[in-house]
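A, B, C and D label the chains in the order they appear, each numbered from 1.
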């Protein structure tokens, strides 16, 4: 009997982790518990822990997110998270900790595993994003974690260069693609009924997700305004999903509310059910904003992406992505290209995809369950 | 006017940091404040914050160390530390954070600097010690910190390999040597008066410092017992300094108390004034245990070291060090060699010293004060 | 030189405390610092700490409010507050702690003062409100605090009955009235310009402030909806101020937003500048909802109050208040009475006022500064 | 099925609570969990949580005690405790919280119950001790708790005077007497074997327990020294139990160690098994120090008490107690009286006992299980 304690703090993480959870619970002799923390438990961010509960996982609540838009709020919340997570891990005494990415819960979990001598499996390490503290945090997590599941070969190589022992590093692809692969198709009718929208077959619509950057907090509201001005001038139907809980998000949400009230063709949602979201991704003319799904999922779905601003820049990416600055005209131009330029659209349909084949979860789960928990695993050694 | 906020949690750190503090306060246009936290504020560990206060620095107290001998106590204490340090940094708004090594306060400071966008200068990164979580923590701190001051060339190269931008890495030597260099000589009379000891010129005595290992917590008491059995059978006068506050230390202190009561020639101290300690190092026949000063300071002082157990193993070291397991006979043999083997003692007197020349603090302070605080400094990029 | 450390966590408290602060800073040999915490630092509640900063007080920020609508969020936030406040009090080492009322910061401050042996002056103790945990908290604070400044004689007597030594109890009146008394008159033009409203001389408008009850969290949204249905059916111009940060407030704000978008004559504000607020109180036809200002300030201003639901019930009150349940028709009827019943309006103009004369702050400050800080003050004894 | 969550932070509390626990687990349809926190988890205080675990209760660990001898350490620890206890209560969702006395865990539990709307049963409220913050804390807990189990009629009346509704107040006697009543007799041989002592039938020995006072922290060590000087000059065999974890205790322990090393007839123990302790109480010539067991248990056991200093003064007590100041000669005189004055010893054998009959637990458990959990219970009202 192996006990896995997974930790998740935000909707976007959960969507990547969920197929791995599904795979774990499908095994007998595995007990999975999920610590829900951070934005999942915040009313401002739509109480997304309920998704996880509804999906049937055994959850443990850990409230830690301060109601703050200061950088300090994020950092103090992390301290609270480490305190609470320590108590939980002492009580649960799991065999493995499982975490993903580069957010507060990632480093909190890696620290707790390190100090409590419990191995940490880390998904999505080795990546590289610029203009954000996420990079520093992600690489620090790599130096603490005991097993690495990078999404691409390039990321795996970066982890090796950082001095991790090769047997700890397993390139597995992005587990989010597993769930996209498995998601059944929904009709426009069905989507419209659920969202109160007016989307139509053969009429292009835009899916917009834009998050604040920790290094550009002060401009977050203005950046959202520029994107929404571009969108409102073009007049395509646009579905917005709220930004994550980082500093700056309150300002962005205010701007979103303002445009939503003004324009009938702009609709915003705090969060969307997974099946709706995947079907919107499949049907959208383009993904707009700076969501990592533009990098990670769009090449699998073969859809165009217009990435605005510095987030995601210098990250490994496929050919289906157009990078533009926070400039209304440049954004409009790129949207037009993504919707009307047949050649570009065609190229997107055949774009390369370094992010996996939709079968990552099985790989992760098999490797975790087959790795002996011994001093070799627990005593990390840098290779040089 | 530059404001530096340094963070220290334990006596051993402070001794390395103190010459850097001294150099900072010697500059006009620099304001130094020192956050004292961790073991410094614990009565079990001798209230060493008083040393720092007595040395005249402007201190800010941050209590966080739980009265615990569990691994969880250390980890939860770290969460408390991050919470309190965030409040302090918000209030002080320093230009730089300064921290050293691989303990809780090191990663707490690196995290707070990262999330609050304040540059972190990190001393003693890039080192390599095996059989301990310190390595993971130290390398994670490196991935978060903005300026690196490794002690040796080898350590500096390790930091570069981990992907840090070369302009961030400055090999400066160990600042602890600066204070050793400057410390005035004390006579045996003076030392005996202060310590209540009975040390004599031309009579060999041993200086013993042995810490618990996080991966061998359960054996900590027994390991101390083996060392003290060796010492007590040989009968050399032995000065013990208490272990640090890590899990296992309570057990070790119990054993120390037991031997101290039994043998007149064994004397233990919670902590020692810096001047006494340096003079004991200069005069001792050998350094016994597993203190990092055996690695870092002994080659500068040209004294023999007998390092017991796995701590410090596989670390870069000079020729003056004999590694032995927790085996009474092997320890006795090594002590005898260090005290009586003329050839070995001579070799120690001429041993190589990769750890610096006693002028490190000036280098650190000049580099910190001359590094512009801009987005180049704050936005870290991995080089590959 | 006396150092006073005041603690405030929410706008409503600050408005009562502010005249006391003003009186303290007018004294030479007094240093006042204000810890701003709780809802003051939350973007959801309009960052009201900026008011305090703008008023020129020396503030210390203490973030503690979790982004939560669970009861647990409030309680965990209180733990965080005690941790941070302890650090601040250790650092500031004040002569006195000053706090008000029955919220988290009240009991946090009383606890910190008790454990750190620093006297706590408590304003607004002895009051009685039913259907809320506030009563329990307020009386617990009384049992911890060292000097009591109840607002009314009745409250003072309640404190004495609880066993407090008589010399600790001083009935002073409500300091909020001091600032109402001093506030200059503003014209409707001026108010309309600042609020974007359309208020007119001789046209009745309503001022609505309704908070959630801890014992009726689940109904908070629905309760707000009932009040707003009554208001919208009557059609009087209505100015709403957002509820405080207690559990349930998010639901209430959602309902407010909905009605505000539907009806031109309903206007909602997260917070209002003090001068505007006082002038609205002076000019309004009635105060609607369950704000304590209906109890505490309305009798001084001689305006009618319609108090909805269980909050404020069984509290000492004057004759100008009509209590109604959460029942649309009953609310409409009461509003009509308050606006149209000449006899009732006349009676309000002559109502009794047990809440003070607008000169409370001077009394509080003089007593605090003249009370010797000795073991008599610090060692509390119950009288029976 | 009723779920009871009890909270205990220190050995002395546990000994009173244990018979109540025993009674609860004897009921079917009751699930009892015990949160062990505070000094129970501290190595300095002998890891007393192990007693509770060994007694077979289902424990939940909550580490919170800072390694500190400052007043601030206690207060910050309380904040940590509230944070962790909130998480635990959210997860366990008990029907009742159960706590005792006037320590940090008492007020922490009362606060958590109040804010989370879970009823709190409080044992030992209404008592009165002078020269300590315990009084303030105990009365504050009374104002928060929902059901009161005072030990004596006098204490019950004090609670009523404080304005608690009469149906909440149940005078039940001290449950510690239940366990004393049930404890089997042990022979001197058996005790000597377990303790390594040399106690003899017909030879008087002293049982000494002395705690620090929060208002006299600085004198704690000296106070212990005076008592031990008296004891050492008289030469009676003396069994010392270590003080609790309050500020000042480290200094006291140092003094104890010093005397224990000097005098063969002085033996100190961090903690004692319950059966040994009760038998020592039964057999001792007198109880010396300031332990509350001198007030609460000695009249049931009919043994003399010499109470030193201000702790316990002005508390309700029986005739078997002699109060003396911290004065060596006075202490010696009182010890002599307690050991040699036949008349006094006889009077002790017939002393009055307001503290119960050894059947308190059954009363508490029956009342808790028969009190409906409804709004009447949860909405506290002061009676005046």
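Everything below uses one rule, namely that a contact is a pair of C-beta atoms (placed from the backbone, for glycine too) under 8 Å apart; a residue touches a chain by one contact, two chains touch by 3 or more.
These numbers come from a predicted model, not from an experiment.
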Worksheet item: Which chains are shared contacts of chain B and chain D?
Response: A, C
Worksheet entry | Centroid comparison with chain A (C-alpha atoms), farthest chain | D
Item to complete: Please compute the C-alpha centroid of chain A, do the same for chain B, then give the distance between them in whole Å.
Response: 40
Item to complete: Report, in whole Å, the distance between the mean C-alpha point of chain A and the mean C-alpha point of chain C.
Response: 42
Response to the item:
Averaging C-alpha coordinates per chain, one finds the centres of chain B and chain C separated by a number of Å equal to 52
Worksheet item: Among the residues of chain A, which ones contact at least 2 other chains?
Response: 63, 70, 72, 76, 80, 83-84, 87, 90
Worksheet item: How about chain A: which of its residues touch chain B in the complex?
Response: 70-72, 74-76, 78-84, 86-87, 89-90, 107, 110-112, 114-117, 128, 130-131, 133, 135-137, 139-144, 158, 161-163, 214-215, 375, 378-382, 384
Response to the item:
In the complex, the residues of chain C that touch chain A are 41-45, 63-70, 72-73, 76, 80, 245, 250, 261
Worksheet item: Across the complex, what residues on chain A touch chain D?
Response: 60-63, 80, 83-84, 87-88, 90-91
